[in-house]
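Two complexes follow with chain A in common, the first pairing it with chain B and the second with chain C.
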Partner chain A sequence: MGTGDYLALAAGAANTIAISLLAIAIGTPLGLGLALIRWGRLRGLDNVVGALVSLLRATPAVTLVLLLYFALPTLGLEVPRFAAGVATLALGSMAYNCEIWRAALLAFPHDQLDAARAFGMPRGLRFRLVVLPQIARAALPALVNEMTLLIKVSPAVAVIGVTEATRAAVRIGAATYNPIPPFLVALAIYVIVIGGFVATQRMLERRHRAGLFA
Partner chain B sequence: MTTFDLTRRGVLLGAAAVLTVTGAAKAVTLPEIQKRGYMTVATEDDYQPFEFTKDGKPTGYDQELLEMLKKKAGLDIHQDIIPWTGILPGVTTGKYDAAVTAILVTQERMKTLDFCSPVAESVDYYLKRKGDKKIQGIKDLSGLSLGVEAGSAMLKLLPQLDDMLKTTGGHLGKIVSYQGYPEAYQDLALGRIDYVVNTLLSLESIAKTKPGTFEVGEAVSKPTYIAWAVVKGNTELLNLFNEFLLGTRKDGTMYALQKKWFDITFESMPEAPSANV
Partner chain C sequence: MIPHGIEVLWEQRDALLAGFATTLAITVLAAVCAGLLGLLLFALLISRVRAMAQAVAWLIDLMRCVPFMLFCYLIYYGLPSFGIVIGNLTAGIVALTIYNAAYIAELLRGGFVALPREGIEAGQAFGFHGWRLLVRIILPPVLLSSIPMLGNQMVQIIKDSAFLVIIAVQELTFAANEIQATYYVPFASFVCAMLLYWVLCLAVEGGVRAVLKVAEARR
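Presenting the complex of A and B:
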């Protein structure tokens, strides 16, 4: 592998990180929104969200990205490929995160809400000050777990020409007939990126524990 | 028996799902393209020596032809570089006006695509490990395990090899399908399979790269053609491509490119491709 190949892999890594971070930044809060709709038992909407989540969880990322990129233009909606890639991963992440947030919400002790209400705390404040900090801590390990899965699903978006780390490695392997070195580099890239996420999770958990026992 | 790497031309489930949902798309005609001011084409990224990427830049035989077309066509050409899986769905849904990639012309593909004048000829050969004494000729392939790419035209051409083997009382051995040829070559080198069937151009390319590991055998199929494609019925656009392609054959530039990338020339190809698979 030459310098050009390493540069191509670095550009691929940058794409992997960019689409994954954007999808996580979009999918995680959207998942929380959907979970709140289900938790609040909003009539009608509740079932719609349940069906949407089931549908998205049943759709392979490759199929979804092909649909967004090739089928939407026939309906007159042109989607840039990077956006189609991010949207695909964000939709999947939203569906899985909805269930993670919902689990945390279901486990949330109701007496705390009753106490807050007794003090006349309005709904928004109740959520922000009482519920969110606690469910965020409870959901963190599962959310980070889902993030690492998302990063590993991200090569699926290469099918529409988004050259992320794995595709960059495939291209080098195809040009040199020697696929193992670029794949080893790609593997190292994923280990480092995912390691970054896990380290951030540990740091947040440590900080929280320190706060608790201070 | 020719087989280009065209193997990857398999139709994947995801792609099929997209087509089912969207149905056949309407073609953007040449006047519409001229009015819009640009044409969109899809090319591949890992199909040596036709189209691949070197240091992140597209290169290869088709790429050089495309660059000549860009200069001659008098209209802008927007190029999307995507894996094989997305190419045919992209053309049939109308996302791209043409697939400028090495597509093996088959009867099935002719149902949804119109193929341009061929850019190369393909005969399938077999590739064996260098110095493998048990394979001296076609008849020795009987009963041995072989590797091909899943969903490929090469896979469809295997009955022709089976017929050849039957004339000497033999039979086709176990067929192992791979996601891509690089994996098949890897397994051949490791001794997990005995030979790989692919188009001669691709096999010569790998044998040249790894002369100590692989050796090209003999032809195991009848010739087929490799061509670019537009969606079925987009005749004016097809004519624009054909005029350009036949022009490069007349002035010899296409043969010069074939010499450069394949080390052989195909001067006896028909003007319009026929499907032998």
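Presenting the complex of A and C:
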């Protein structure tokens, strides 16, 4: 492997990180939105969301990315590869995050809401100041776990030609007839990225605990 | 547009069902093999031989950081470098087996850690040790408490099997993609594939519920 190969792998890693971060930034709040729809028991919509989440959780990322990339243009919507990749990962993570947020909401103690209501707090404020900070903390480990899963399925976007870390490694392996070294570099990239997420979660938890007992 | 797609799919139903059957066969075979290998790794993980348990723990942690697709490429393109040549279907099943065995061993360990120590100590007091302790005393409660997690892992195997399209295993997503490319009906063919995956996953969920019910009734 030459310098150019390492640069190609670095560019692939940058793509992996960019796609993953964008998908997380989109999928996490969307998941919360769906969870709130189910939590609020909005008539009719509740079941639709439940079915959608179940379907998306059963769909392999490879299938979904092919669907978005090839089928949307037939409906008159041209999507660039990169956007199709981000949308695929965001949809999958939205479905999983919905279940995570919902579990945190269901475990939320109801008396706190009653107390806030007794003080005349309006609905939006109640959610923002009382519910959200606590469920975010409760859901954090599961959310970070889901983020690492998202990074692990992110190579799926390579099937529509997005050159992320895995595809970059495959290309170098094919060009040099020696697939092992680029694969090992790609492996190291994933270990570092996923390890980074887990370390950030531990740091946030530590900081919270420190604040709590200060 | 969409009626046309459904029409094409109906004409191509044999190809689609063949892909579905392949996905089903791969998934079941890989799940059984991964389950057995996972049990073996779990046994090593909780064994008294510290160095071995540590080595297996490292291996499992490493596996949990690797994307399945990269691992699949590693098996398919990497093994020939060591003089091992296997076909794409075999490579796919081997990759699914090893990858998921690591996750299964880890989730069994989770069940083991949560297990009250008294039962195991009582078993030891009654003279159970080694394999007999594992099979008679430790495994039954660990497997029972792990049923929902094992179901989740089965769903994961189904979803991972779609990645095998990259090494040209002719499973469901491959079949849907072929039909899509030939007749240009991407919407109908991929949505149909998604629905078939959904059926598989719902069947697993139903199976888990049924097993839990039987287990509950026999307690």
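The working rule: the second predicted complex is superposed on the first by the 214 of 214 C-alpha atoms of A that agree within 3 Å, B and C clash if a C-alpha of one lies under 4 Å from a C-alpha of the other, contacts with A are read in each partner's own complex, and residues count from 1 in each chain.
The rule is short, and it goes like this: contacts are C-beta pairs under 8 Å (C-beta built on N, C-alpha and C of every residue); 3 or more make two chains touch, one makes a residue touch a chain.
Just so you know, these numbers come straight off a predicted model, no measurement behind them.
Asker: Using the superposition on chain A, decide if chain B and chain C clash or fit.
Answerer: clash
Asker: Determine, under the contact definition given at the top, whether A:Ala186 touches first (chain B), second (chain C), both, or neither.
Answerer: Only chain C; A:Ala186 stays clear of chain B.
Asker: Who does A:Leu125 touch here: chain B (first), chain C (second), both, or neither?
Answerer: It touches nothing on chain B or chain C.
Asker: Using the superposition on chain A described above, determine whether A:Ser154 touches chain B (first), chain C (second), both, or neither.
Answerer: In the superposed model, A:Ser154 contacts chain C only, not chain B.
Asker: Determine, under the contact definition given at the top, whether A:Val62 touches first (chain B), second (chain C), both, or neither.
Answerer: Once the two structures are laid over each other on A, A:Val62 reaches both partners.
Asker: After lining up the shared chain so the two structures overlap, which partner does A:Arg171 touch, if you call chain B first and chain C second: first, second, both or neither?
Answerer: first
Asker: Go through the superposed model and pick first if A:Ala25 touches only chain B, second if only chain C, both, or neither.
Answerer: In the superposition, A:Ala25 touches no partner, neither chain B nor chain C.
Asker: Classify the contacts of A:Ile194 with the two partner chains as first (chain B alone), second (chain C alone), both, or neither.
Answerer: Once the two structures are laid over each other on A, A:Ile194 reaches chain C alone.
Asker: With both complexes overlaid on chain A, does A:Gly4 touch chain B (first), chain C (second), both or neither?
Answerer: It touches chain B, and chain C stays clear.
Asker: Looking at the overlay, what does A:Thr74 touch: chain B (first), chain C (second), both, or neither?
Answerer: both
Asker: Now that the structures are stacked on chain A, which of 45-53, 63-71, 81-89 or 99-107 shows chain C clashing with chain B?
Answerer: Stretch flagged for C-alpha clashes with chain B: 81-89.
Asker: Determine where on chain A the residues touched by chain B overlap those touched by chain C, and list them.
Answerer: The answer is residues 60, 62-63, 66-67, 70-71, 74, 158-159, 170, 173, 179 of chain A.
Asker: Quick one: in the complex, what on chain A touches chain B?
Answerer: The touching residues are 2, 4-5, 7-8, 11, 60, 62-63, 66-67, 69-71, 73-74, 81, 158-161, 163, 167-168, 170-171, 173-177, 179.
Asker: Give the list of chain B residues in touch with chain A in this complex.
Answerer: My answer: residues 12-15, 17-18, 21-22, 25, 45-48, 52-56, 80-83, 85-86, 89-90, 93-95, 182, 185-186, 205-206, 209-210.
Asker: Which residues of chain A touch chain C in the complex?
Answerer: 54-55, 57-64, 66-67, 70-71, 74-75, 151-156, 158-159, 166, 169-170, 173, 178-180, 183, 186-187, 190-191, 194-195
Asker: Tell me, which parts of chain C touch chain A in their complex?
Answerer: Touching chain A from chain C are residues 1, 62, 65-70, 73-74, 77-78, 81, 155, 158-163, 165-166, 172-173, 176-177, 180, 184, 186-187, 190-191, 193-195, 197-198, 200-202.
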